[in-house]
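These notes are about the structure you will find just below.
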Amino acid sequence: MARALITVPPNAKRGEVIEVRVLIQHPMETGYRPGSDGRILPRDLIRKFSCRYDDGKSNEIVFSAELYAAIAANPLISFHTVATGSGTLTFLWEGDNGFMQSEMAAIKVS
Amino acid sequence: MLAPALAAPLTDTPGDPARGRAIVANRQVGLCLLCHSAPIPEERFQGDLAPSLAGAGSRNTADQLRERIIDSRKLNPQSIMPSYHRADGFSRVAPAQAGKTIFTAQQVEDVVAYLMTLK
Amino acid sequence: MNRRQALATLAVVMVRPAFAAEGDLAGAIRTWTGGAATKEGRVKLDIAELVDNGNAVPITVTVDSPMTAANHVTAIALFNEKNPQRDIARFQLGPRAGKAQVSTRIRLATTQRLVAVAKMNDGSFWTHNVDVIVTLAACIED
Amino acid sequence: MSPATQAMQKDDTQNPAMLWVKDGEALWSKPAANGKSCASCHNDAPKSMKGIAATYPAFDTQSRRPIHLSERINLCRKNKQDASPLPPEHQDLLSMESYVALQSRGMSIAPHRDKRMSEFFTRGEKHYKQRIGQLDLSCAQCHDDNPGKRLAGTPIPQAHPTGYPIYRLEWQGMGSLQRRIRNCMSGVRAEPFAFNSTEMAELETYLASRAAGMAMDAPAVRP
């Protein structure tokens, strides 16, 4: 499994806008780059990312992204969400060659 | 390849300034712009380790330029400028380049011809 | 350089089309907006104007929006002019974001123009263009 | 280094090298087939490995020459874990090295001033000053005589290895000082020193002494 680094404030006040930062290990091979033998390396990209927020009342996707070859290797995405309630954030990355990885982070909202 | 007088032209074909310019501008062939700047505006990132090539043709004769390109260390042993037409006296040369000069004789002439246009 | 060498040099240059552009920038933006008109403003694309390595360039897009249910950004798309492909990324967000600001790191093959386009819930599109200069690497990995 | 690259290194939540550190942290306590992990002998890395990376390359009594931190990790694998050595630049090796190097962050580079090291230092200095390759350039000609000037668009650094292993944007991944040195050597069209060769250890010994007293910033981000 690819290593991921998730940064979410563990505690937040209700209604506070928090920053969420996710970093995941992935080559993001563009499909345009020649390898050492001169042949084009096959594309291997993370294509989609989403963040689902389960705050105890609702469980919905609060942010999502479609990524292309121009996103750097080991992609970093940083976005914001309103701390609506205590619960979990579930992150999902999906991509070429059946790549799929999910990570969770807990948040306590007071 | 031993030229009897280093300053004399290396080939019978006169150097071509347009080809010389292309060699100077090319970062894999001439490598000149890694260290020097030159009046080649389309090449954005030029080095500043060595003097600008602008005006090289008014500061030097063709023979002087040729001598410097062939083996600048003959003129200054401390020079960081590579010797473009010397094939021996190096250490640890990569197998792909062993025994080879950076420039062919004609490339030396082309670059000299280009530099002589920089007045 | 004789003719054969000249051709060899040309061949090296011709390898480039692996990195050649597909389609034009304006066309890619039009496809995403569905042909709707775009206006300049409300979006701010933050990126260094001079980049020392094009492999991972930090970029932040911020849209001026209250991000309420009545007035918010629904999507942000990033485009480039000279990479092999015009699209960089598309982000979907809404009032739950609280703040319309997204950051990532992108690849830039060369000096070029970048465009951020934001779509609002009222159907309007807003843009910001930035020109970025990418330094050529002096020593490229063999 | 641009402000953007510096910012990427300074903030661990953005520093891509931290992905390797995380892997290294997990590997630290992962037992080998014989049941032994790094932690079995060295316990808590933040305590036991504090300042260790800042002392490498260090003299190895068995091979009677300075060795690199990655070679030390491989020796431990062989002698204590009955595991095969990992090849140069193996991701697990870079991860372990990053995790160990992180424990010296902010500390001064402090190579052993061992009498046994001096001949290697002397030879390393010679390598550093030796003109090599078809372009006939030495390390010193760029990094001592012309730092701060621009080689094409790129400013020449002073060649202080404070941050290895590094996440190099050019590589889009982690790599060692040996890989970086080999890049420069191929750049001047020379035959690079082999990974883990004595020459490489000599050059690294010289570079470490030259950087003595500078703060470690591993795992660093470099263009």
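Per-chain numbering from 1; labels A, B, C and D assigned in written order.
In this section, a contact is a pair of C-beta atoms (placed from the backbone, for glycine too) under 8 Å apart; a residue touches a chain by one contact, two chains touch by 3 or more.
Keep in mind the model is a prediction, meaning the values are calculated, not measured.
When the interfaces B-D and A-C are ranked by how many C-beta pairs touch across them, A-C comes first.
Among the chains present, the centre nearest to the common Cα mean is that of D. Taking the mean of the C-alpha atoms as each chain's centre, chain C and chain D sit 35 Å apart. Centre-to-centre spacing of chain A and chain C amounts to 20 Å, using the average Cα coordinate of each chain. Distance between chain A and chain D, defined via averaged C-alpha coordinates, is recorded as 31 Å. Among all residues of chain D, those that touch two or more other chains are 14, 16, 151-154, 172, 186. Residues of chain A in contact with at least two other chains: 72-73, 76. Shown for chain C are the residues in touch with two or more other chains, namely 55-57, 135-136, 138.
Working note: touching chain pairs come out as A-C, A-D, B-C, B-D, C-D. Within the complex, the chain A residues that touch chain D are 3-5, 7, 21, 23-25, 27-28, 72-74, 76.
Residue ranges on chain C touching chain D, taken from their complex, read 48, 50-53, 55-58, 135-142.
By the touch rule above, chain B contacts chain D in their complex via residues 27, 31, 33-35, 44-49, 73, 80, 82-83, 90-97, 100, 102. Taken together, the chain B residues at the contact with chain C in this complex read 19, 22-23, 26-29, 34, 44-45, 47, 104, 106-107, 110.
Interface residues of chain D, counted against chain C in their complex, comprise 1-5, 7-8, 14, 16, 151-154, 169-172, 183-184, 186-187, 223.
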